[in-house]
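Once you scroll down, you'll see the structures, which are given as C-alpha cells.
Okay, so chain A shows up in both of these, paired with chain B first and chain C after.
Entry: the complex of A and B
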C-alpha cells in the first residue's frame, strides 16, 4: 500500500537485492540483443564498404531506406512474404485446430498419436528441407511419382523450378512443420473449456455443433489470438526452408524478406542496405509484438497476477 | 447421439489423413536411406527397397573412412555447442526467471516484456551486428561464437519457460521456510530449486534442441570444415558429394533421432512448457 506513495528511487533501493538475480541475464541480453539492435539501426544510415572495413563507412542518411522502398525486388519480396505468411499461418492453424478438436477426447493411443503428430515440429528444419527436396525431386521425387500413378499428371511435376508452383510447394513444407504447434496450443486451450458448461448445454438439447459454436469457441479467443500471432511472427521470420529448398529462386519467385536480407548482407556484403531492410522488418514486428504482449497481459490481469 | 457419431467418425478420418501427411516424408526418408544410390535413382521409385542395406549408416558412423570421420566430427561439434550454450543459458536464466516470478521490483514488467519481445525478431536481424562483434572479438570461425550467439534465443526462451514453472510452485513453501529462519536466497536454493528440477530439465532440453537445430548462425559464423555443426555439415554433404540422396537421408535420420527421442520421452513437459502462459485455467 505504501509502495505507491514512495519515490521510484526509494523503491529501487529497497528492491536492490532483486536486481542481483536478473543482472547476469540482463548483462548477457544487453550484449547479444540490445547492442545488436542499436548497431543495426546505426548501420542503416551508412554505406558500408564491401570489405567490411567499417571505419571507411560513409554516412548516407536515409538513402538506404529510399533505395529499398523503391526497389522492384523489395516489392516482389514483400508480396511473396505476404503470401507466404498469410497462407502458412492460415493452413497451419486450421490443420492444427482440427487435430486438436479430434484429439480432445480420451481414446486408446491418444498420447501416441499426439506424439507422432508433434514430430515435424522438433525435427531440424535443415533435415526437413532436404527430405522435402527429395520428395519434390523433378525426376525421382515420390510426390511426382504418386501423382502420375494416381493419374493427376502425365509426367512428374518440377515443383521447385517452376515460378508458379514453387510458393505453394514451400508453403506445404512449412505447414507440415508448423501445424503441430497450433495443435498443442489449441489442445491446451480446449482443455480449459469447463466441462459442466458443455454438459449443461447437452442437457438443454444443444447438438455438438451448437455447443461448439456457443461455448467452446468463445472460450478459445485468447489462445487463438496468441497462437495466430506467434505463427505470423514465426512465418515472417522463416529462413531455413526457403533458403535451403530454393535459395529464393527460381528468378526470385520464392524470395521473402528474410532470405532477401541475408542475400544482401552476406551474398553481396551490403551491410548498410541490409540493416535498413532489417529496420523496416523491425517496425512491422514491433506492431505485431505490441498485440502479442497485450494478448498475454490480458491473460495476466484475468488471473490477477 | 447419432450426430455425435458423425463428428467422431469425421475426427477419426481427419486424424488418419493427418498422420499420413505427417509420416510420409519421414517414412520416405528412412526407406531412401536403406537404398543404394543406384536404387534411389529409379523411376518409378522402388516403393519398398528390393535390396535394403545399411551401407550409408556404416559409412557415416565408421571412423575408418573420411566421410565417417567428417560426419562424426560434425556430430561431436553439435553436441558440444548445444550443450555448452544450454548450460550457460540456463544458469543465467534460473535466477532471472525466479526474480520475475516472485519479486515486484520497479521495472519488472518492462524488463520481462522486453525479454518476450526478443522472440519477435528474426535471427537474421542480429546476424550482421553479431558478425561484426565476433570479428572484433576475434571469434569468427570458432565455436565460442555460436555458444555465445545461441544465447540470443536460448536465454529469453529459458527465462520465459522457467518463469512459468516457478509461477506454479506455491509461494507458501518459501514463506514457511522464511518463518523457520531461512534467508530469501536459502529459501530459493533449498526449497524452490529442488522442486523446479523437472522444469529446469525440460527447459534445458528444449534449449538443447533449439541449438541442435540452429542453422543460420552456424552457416554465417563458421567456414572451417572441422568446426561445422551438423545442420551446416549436412549441407556440405549435399553439395560436396554429388548429392548422394540415400546418404543425405541417412544423415538426416541420424540427426533427427536424438531430438525426437528426447522429445517423445519428455512430451508432457514440453507441451506444458510451450502452452504455459498462453493458456491458464
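Entry: the complex of A and C
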C-alpha cells in the first residue's frame, strides 16, 4: 500500500537491484527499437530528397500523411492488405485448428503426421517462396500442368501474372506456410483441457459434440484469441512471400502495406513518405498490440483473483 | 434408486492389474464406502461402474440391467468428483441445469428441478455466480447439486471431501450422511480416509492391491478384521500388531523379546490353528497398563505419553517393538516408567503369520 504512494524515484532506489537487472535489456531495446521508432516519426514530417543526403530534407509538417491518405495506391494497398490479412488469418486458423483436433486423438502414425504438418512452418520463407513460384509458373508450373492434365483448364493458369488470381494464389502459399503455427498453438490448448471436466460432461450425458461445445471450446477461448491476434499481426507485417513471389505486381495487384513501404523507401528512395506510411502502420499495430496484451493479462487477473 | 452388482470385475492396464476379481453387491438405498490406500484400485472400480473405463473382465449390473457396454450417459448414474469438476465458464445455475439440458428436459422442468436442488442444498443465493467465485464448501454443494438434479439410480462419489479443510470436512460429512438418509439414495463412495468410511457408510469395502479384502459393516470390519491388512488400515491409531510363537501347546504365546502371555481357552484354540507363528493384534483401548507383573501381562517401558484431553495415548516399548495403549486423562505416567501390559482376551486378535489371515473360532 505504501509503495503505491511513494514517488517513482524512491521506488527505483528501493528496488535498484531489480532495475539493474532489467537495464541491459531495456538499453538494447531503446537502441534497436526505440531510436528507429523515434527517427521514423521524425522523418515522417520531412520531404526527403531522392538520394541518401538526408541533411537536405525540408520540413513538410503533415504533408506526407495527407499525400498518402489521399493516394489511390494507398487505398488499393490497404484493400489488398485487408484481404490478405483477413483471409490468411481465417484459413490458417481454421486449417490449423482442424489439424490440431485431428492430432489430438490417439492414432497410429500421429507423431509422423505431426512432423510432416510442421514442415511448412520450419522451411525458410524465402526458399518456400521460390519453390511456390515455380509450382505456379505459367509455362513450367506443376500446378498448371496438373490442372490441364485433369482437364480443369485448357491452358495452364497464369497464377502470378493475373491481377484477379494473384492475391488468392499468394494467400494459399501464406496459409500453407503459417497454418502449422495455429496448429501448434491449438494443440497445446487442447492438451490443457482438464480431463475431469470431460469425464464429468460424459457422466452428465454429453456426447462428443456437446463436450466439444460446452467444455473444449470455452476452454480454448484464450488461446484462440492469442493465436488469431498473433496471426493478424504476422500477416499485416508480411513481406517475404509477396515480395519474392510477385514484388507487389502485376500492376500493384498484390501490393500490401509492407511491400509498398519497401518500394517507396528503397525503390523510389522516398524516406519521408515511407516513414509516414510506417507510422500509420505502427498505429494500427499498436491497436492490435493493445488487445493482444489485454488478452494475455486477462488470464493473469483471473488466476490472481 | 437401484441395486449395483459387481461380478468378478477385472481391470488390467497393460501388465499391471488395477482391479483383481472384485465381486460385491450394493443394495438399493445403501451407502457403501470403497476404502483403501492410494493405488488400491478403489477409484478404478468407481470409474468402471461409471463407465469411464472399460472392463477387462466381469460384469456390472445397475438394477436389472447389465451395463458393461453402456456409455456413462446411458447408465443413469451421477458422479461427484474430488476436485468438483464444475464447468468454469458456466454459472452455478447452468452447471446444475447441464445434465438436464443434455437429456433434453423441457425448460420449465429444468428450472423447477434446479431450483429445488438449489433450495435443498441451500445454494439458491449462489445460482448466478461462477464456480471460481465460490468457496470450497460451496463448490462442493454445487457439485452435489449437479448430481442431485437428475434423480439418478446411483450416486458415485470420488473422494468428494478430500479438498476441504478439516473443519468443513466434518460438517460436510454430516450433511452427506443426512443427504443419504433423506434421499434413500444408493451411494458408492470412494475414500482413502477410513474414518470417513466408518462414520458414514452402511457397509465398507476395504481394498488393497486391487483385491477386495473385506466387505462388511464398519462395526464388523473394525471389531473382526479378516486379515492383517484390514486390521492395520482401519482404526486410528492403528491396531498394535506384534509377532509371537505359540508355546505350551497353544496355552500361551512366547514373544521374541522373551515375554510369555497366557491365553484364554478360546484364544488358545485359535492359536492352535496357526500353521507357524502368530501375530497378536490389539487396539489401544483393549490394552491395560499395570504397575505389577502377572502371568497374563507383558513387561514394557513407557516411551512417551501423549495427552489429547479426554484420552491419553501411551507409547510403550517392549524391547524394540512399539505399542500404543490408552489410559484415562487422570492417570499420570512418565517416560521410562516400568509397566505391565494386559489384554482384554475377548477382544484380542490373532493372525496367522504365513497367510496373514485372522485365526477364527
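Convention: the second predicted complex is superposed on the first by the 296 of 305 C-alpha atoms of A that agree within 3 Å, B and C clash if a C-alpha of one lies under 4 Å from a C-alpha of the other, contacts with A are read in each partner's own complex, and residues count from 1 in each chain.
Everything that follows uses one rule, which is that a residue touches a chain if its C-beta (ideal position, glycine included) is under 8 Å from a C-beta of that chain, and two chains touch if they have at least 3 such contacts.
Predicted model, so just to flag it, every value in this text is computed and none were measured.
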item	value
Chain A as common anchor, with chain B and chain C clashing or fitting	fit
Which superposed partner A:84 touches (first chain B, second chain C, both, neither)	neither
Three-chain overlay, vertex chain A: chain B-chain C angle, C-alpha, nearest 10 degrees	80
More chain A residues in contact [chain B versus chain C]	B
Which of chain B and chain C A:215 touches, first, second, both or neither	second
Touching partner for A:52 - first (chain B), second (chain C), both, neither	first
Partner chain in contact with A:207 - chain B first, chain C second, else both or neither	both
Touched partner set for A:199, first chain B, second chain C, both or neither	second
Three-chain overlay, closest Cα atoms of chain B and chain C, distance in Å	8
Chain B/chain C common contact set on chain A	207, 305
Complex contacts: residues of chain A adjacent to chain C	194, 196-197, 199-207, 210, 214-215, 218-219, 221, 302, 305
Sites on chain A touched by chain B in the complex	8, 11-12, 15, 17-22, 24-26, 28-29, 32-33, 35-40, 43, 52, 54, 95, 98-99, 101-103, 105, 111, 113-120, 122-128, 130-132, 134-135, 137, 139-140, 142, 145, 148-149, 156, 176, 181, 184-185, 187-189, 191-192, 207-209, 222-223, 226-227, 233, 236-237, 239-240, 243-244, 258, 261-262, 265-266, 271, 274-275, 278, 281-282, 285-286, 288-289, 292-293, 296-297, 299, 303, 305
Chain A-facing residues of chain B, complex	3-4, 7-8, 11-12, 14-15, 18-19, 21-26, 28-29, 32, 40-45, 92-93, 95-96, 98-100, 103-107, 111, 113, 115-130, 132-133, 135, 148-149, 151-152, 155-156, 159, 167, 184, 209, 212-213, 215-216, 220, 230-231, 234-235, 238, 245, 248-249, 252, 255-256, 259-260, 263-264, 267, 271, 274-275, 277-281
Residues of chain C defined as touching chain A within the complex	50, 52, 71-73, 77-79, 81-83, 85, 87-90, 98-99, 102-103, 132, 146
